[in-house]
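Chain nomenclature is as follows: A, B, C, D, E and F, assigned in order of appearance, with residue numbering initiated at 1 for each chain independently.
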Amino acid sequence: MKLHPLKLVTIVVEAVLDTRLRQDLLRLGAKGYTCTKADGEGSRGMRTDDLAGKNLRFETVVSDAVAERILTHLAEQYFPNYAVVAYVQDVSVVRGDKYV
Amino acid sequence: MHTLELLQANLLSPMVLAFVLGIFATILRSDLRFPDELYTALSVFLLFAIGLKGGAAMSVSSPGELLLPALASLALGVGTPLWCYAILRYLGRMEVANAAAIAVHYGSVSAVTFIAGQTYLEKIGVKFEGFMPALVALMEVPAIVVGLLIAKWQLGGGNLKQSLHEVLAGKSVVLLVGGLLIGLAAGAHGVEQVRPFFLDPFKGVLTLFLLEMGMAAARRFRDLSRVGAFLLAFGLVMPVLHGLLGVWVGRLIGLSEGGATLLAVLSASASYIAAPAAVRISLPQANPSFYLTASLAITFPFNLTVGVPLYHALSEWIYRGGTP
Amino acid sequence: MHTLELLQANLLSPMVLAFVLGIFATILRSDLRFPDELYTALSVFLLFAIGLKGGAAMSVSSPGELLLPALASLALGVGTPLWCYAILRYLGRMEVANAAAIAVHYGSVSAVTFIAGQTYLEKIGVKFEGFMPALVALMEVPAIVVGLLIAKWQLGGGNLKQSLHEVLAGKSVVLLVGGLLIGLAAGAHGVEQVRPFFLDPFKGVLTLFLLEMGMAAARRFRDLSRVGAFLLAFGLVMPVLHGLLGVWVGRLIGLSEGGATLLAVLSASASYIAAPAAVRISLPQANPSFYLTASLAITFPFNLTVGVPLYHALSEWIYRGGTP
Amino acid sequence: MHTLELLQANLLSPMVLAFVLGIFATILRSDLRFPDELYTALSVFLLFAIGLKGGAAMSVSSPGELLLPALASLALGVGTPLWCYAILRYLGRMEVANAAAIAVHYGSVSAVTFIAGQTYLEKIGVKFEGFMPALVALMEVPAIVVGLLIAKWQLGGGNLKQSLHEVLAGKSVVLLVGGLLIGLAAGAHGVEQVRPFFLDPFKGVLTLFLLEMGMAAARRFRDLSRVGAFLLAFGLVMPVLHGLLGVWVGRLIGLSEGGATLLAVLSASASYIAAPAAVRISLPQANPSFYLTASLAITFPFNLTVGVPLYHALSEWIYRGGTP
Amino acid sequence: MKLHPLKLVTIVVEAVLDTRLRQDLLRLGAKGYTCTKADGEGSRGMRTDDLAGKNLRFETVVSDAVAERILTHLAEQYFPNYAVVAYVQDVSVVRGDKYV
Amino acid sequence: MKLHPLKLVTIVVEAVLDTRLRQDLLRLGAKGYTCTKADGEGSRGMRTDDLAGKNLRFETVVSDAVAERILTHLAEQYFPNYAVVAYVQDVSVVRGDKYV
């Protein structure tokens, strides 16, 4: 089976950014994403999650260029003031054209 | 003595005791947790039910009665964040973002505090106007606008339009106003059909909800030391001042003793649902430790235990001509 | 006039209004969401409660009474998908898979529409047979078998056995039939013990559930343009024809006026729980946009608002000898 | 005859039938599932409500009455795991860890079995002491300590302090004891306010909960063959012996017939919430297949269906001087 | 600590395939899997999730051969008609024999 | 955008270890973690999850040394008696100093 190399970007954000991040991802070129509810701890002591819901964990399989664009966007828009964590990995997918 | 008895009755009600149990559960590091979904379900229930009830009550009153109270609520919602900001910024020497954020919270209102106040009045047999729940919805929004405008004016940036939409179409406004309209349209007779689900069990649901609120408030307790003495004092004194103001305005616009009490409760309460979400989106540089701890771990417990009976006592005192 | 009044009463009931509120919440892009778990909990409650109630009612009736209605329901369940398929395929020129899939949905039934119908009749004081909920379970299955058989015969493939198991052991059949059997075994007296939980709050729970249904239906609205005028007409006309048929069959087999109304409601209703799951598994080439939008965003709202009072009016009209 | 009738009445109650329905749903491989969150919500409700009710009842009794029953409960809680361990280790030739783990479960108690027993007595009109729920909390803990001490003594290792904290601050103790204290403080009058939520719907909630319990028990059925004949016999015989002992102790310390029945139910019941969690943490080498299957798939169904009426019959027989 | 190289296959599917996919995975040679609830958006416009539950995210650590088998199976059985996304990554595990 | 190579450790454990594992991770040097609810099947037949909750899936981005430490700890403390699965992957993150 032929596999295509792509990037998997995983983003954990506080729930308040839900709608925004979904829009951002599609606008920045992701063809889809998957979102799960999560909780966690990090270096910042800020928690707004008490009553408004916890973190959300987004993952999206994208091309290298889109991955770069997403990370740059996160770094500019959200890293300074929000609880956000993001990392990139290599993945192989079956139908590469679905994601670009 | 009479007031003390009522205070004691309030402290020993299952609702307040459940709140205290929640605090203890957290302090004892119990594994008791309410799933988020249960919390959401309970809050949907409470907001919608209070709307329904208010709507049914309003369906038998004339729309004209609502005008003056509505205007007064708006005025309170606009004024409160202004002086709160001034106090926090110039007396408390807080940063612009934090001062504006806290002002938003104390200008907006807490539906659960209102519900607790209403339940208290019902229990001690004091009547109030049916349209009071409509004021909750009215008072939720203006302070958020005013507070964010202040921040925008001082700091630039921020997305006021987005956060306005988020509050106006937010679940608490939709459920409360939706419930009100349904209650109005269905009338007292229509709402009667759903009484065994929405009205009779109301206090019990509130008890369960306050158990969870107690746990949430207590999780904030460890931040109390971080927020400093000024904010602690602010969180205890402002509610009383706003309560007094609420009673006075209530009397001025011709509300009943009970209605004035509830207006006081609303003025005194600080938001911890709509406001935090709006502020976090539009004013992310403000530190949630400050505004959430003040509103959830200081003012809410104060209002729930001491505030509500106090505002009623103030109202009684003022309405009966200043003689206790 | 009388019918119009009842229609208005239906439209202004808290249940229907909550459905409308749900629609508005979605249109306003509110952040109001019911957790999946709450939706599941409410549907477990409704299905089980309706079963219990029916079972308790059946426990005082003789088993023989059920025979004819059961046969008639099965006949309706087998016939409906046949003509629906023919209409969709040859009049609407739809693909085999889509036509069969939609036929499955309109041949099967919607328990919530039934519950709304039953609640309506109770409110306006019209009696009906206690065994009606048993017919819901009976009518849920045959159309799924027939529709999938058609697709299999035309297209080959598909796993009928698996989807039969999925429907028969599906949660709606298990809860409804399980509730019925428990109601039967425990008897009216036994069920009385759980009345404050399962029966008294029933309408309130239904109200909350319909709030969520309104949001789900509205999320489908943007697909309305995609499904085309034919399917829109189909989704509005077929229920009325099936409703008429239901009343007529009901009268034929000797049901009461109320019973015939409920048989009409069942025939007119389109499934949106059991059928979609079965079709998605066994007929994945069919496009969910078609069958879900038709059933959830067209037929369900129509039945809930206009259909139920209409079928009752038809029944009344036919039972009272064609004079209004 | 009388006893058989009561047994039949118990087997045909909606609660027990719902448990049976849950078993069937699992056997039929239905897709019916309760979300974890619903399970948690129902158990929070049941534990807190039973506490509230007990507390309200205790508020009108004198604290001295509680002393003897409390001591007796503690003695039962300490003794039961001792002989259970001896039997399992030396008669059943089980490994130390497994024997200790099972001893913990049979020495501790099941709040739901207690609740079922209480509901049964209320239905057949037998009175019992208001403080009985307090004994549930008292009897939950000692067996866990004793059983883990045995394992520690035989095997070394294990973290007794951590698991003690986990049980004492565990959600079942917090809700039960918290509910009791709130009921005590608010008094019967205060609890009356929340009756439509916590007390009236109680049996219905229990019915829904037992539906889920039936599914959980049935999921364990396939492990039944693995646990062997000895454990099967143990799971059926020990409850009866402990039931007899409970009645006898109850009589000795002057409980009423109903009180003695409930003490028997408690002694006979095996924990499946607090004990498994504690054992899994502190005695992870014990195999959960043994202790969970025995407690959940053997003893719990036995007690729910046959045990509760049996213990009441025993109590009746002993209290009425040994004549049936 | 000695680590063994294996494959991590992540699969996001619509909830209706729940039971089926669990059976498939074990039958195709996976020794275990982990499943979380998720939601998401993708290129297909088909949503059945309105009332029947959302997506499920499966992840399973398997040998190269089993990974290949799973992907082939998904491509044949589910890709044409269902909302399915799958990708493969390299992982290192402690006890390699547990997964093969 | 400059990316830093780090390790992603994913751990699936039975819910009973919740509090313990959170404490362990931070104590062993993780600066944060993300946790989601999960269920699953594995090679061990032991399920305590019937009524006490299911599995939890932890993921934590850490340095190589901390990853090693976490795996060693799991292997010693939990592998023998608990239902635990853990695996490591390479990831790239934006602000590397946040995680070490």
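Everything below uses one rule, namely that contacts are C-beta pairs under 8 Å (C-beta built on N, C-alpha and C of every residue); 3 or more make two chains touch, one makes a residue touch a chain.
Note that the coordinates shown come from a computational prediction; the quantities given were computed from them, not determined experimentally.
*Asks:* If we define chain centres by averaging CA atoms, which chain lands farthest from chain B? Would you check?
*Replies:* E
*Asks:* Compared with chain D, which chain's mean CA position is the farthest off?
*Replies:* A
*Asks:* When the contacting C-beta pairs are counted for A-B and for B-C, which pair yields the higher total?
*Replies:* So, comparing the two chain pairs, more contacts are at B-C.
*Asks:* Indicate whether more than half of the residue numbers at the chain E-chain F interface occur in both copies; give same if so and different if not.
*Replies:* Interface between chain E and chain F is built from largely different residues.
*Asks:* Determine how many degrees of rotation, between 0 and 180 and to the nearest 5, align the Cα atoms of chain A with the equivalent atoms in chain F.
*Replies:* The rotation relating chain A to chain F comes to 120 degrees.
*Asks:* What is the distance, in whole Å, between the centres of chain A and chain C, each centre taken as the mean of its C-alpha atoms?
*Replies:* 40
*Asks:* On a C-alpha centroid basis, what's the spacing between chain A and chain D, in Å?
*Replies:* It comes to 47 Å between the two C-alpha centres.
*Asks:* At which residue positions does chain F touch at least two other chains?
*Replies:* 36-37, 89-90
*Asks:* Enumerate the residues of chain D that touch no fewer than two other chains.
*Replies:* 31, 35-37, 41, 196, 201
*Asks:* How about chain D: which of its residues touch chain C in the complex?
*Replies:* Spelled out, the residues of chain D in touch with chain C are 12-14, 17-18, 21, 24-25, 28-35, 37-38, 41, 123, 196, 200-205, 207-208, 211.
*Asks:* Can you name the residues of chain C that touch chain D in the complex?
*Replies:* Interface residues on the chain C side: 35-37, 40-41, 44-45, 48, 52, 165-166, 169-171, 174-175, 178, 181-182, 185-187, 190-191, 193-198, 201.
*Asks:* Within their complex, state which residues of chain E touch chain F.
*Replies:* Counting only chain E, the residues touching chain F are 1, 3, 6, 8, 22, 26, 31-37, 61, 89-95, 98.
*Asks:* Please output the residues of chain F touching chain E within their complex, sorted ascending.
*Replies:* Touching chain E: residues 12, 36-43, 55, 57, 68, 71-72, 74-75, 79, 85-90 of chain F.
*Asks:* Which stretch or stretches of chain D touch chain F in the complex?
*Replies:* Interface residues on the chain D side: 36, 39, 216, 219-220, 272-273, 276-277, 280-281, 284-285, 287-289, 292, 296.
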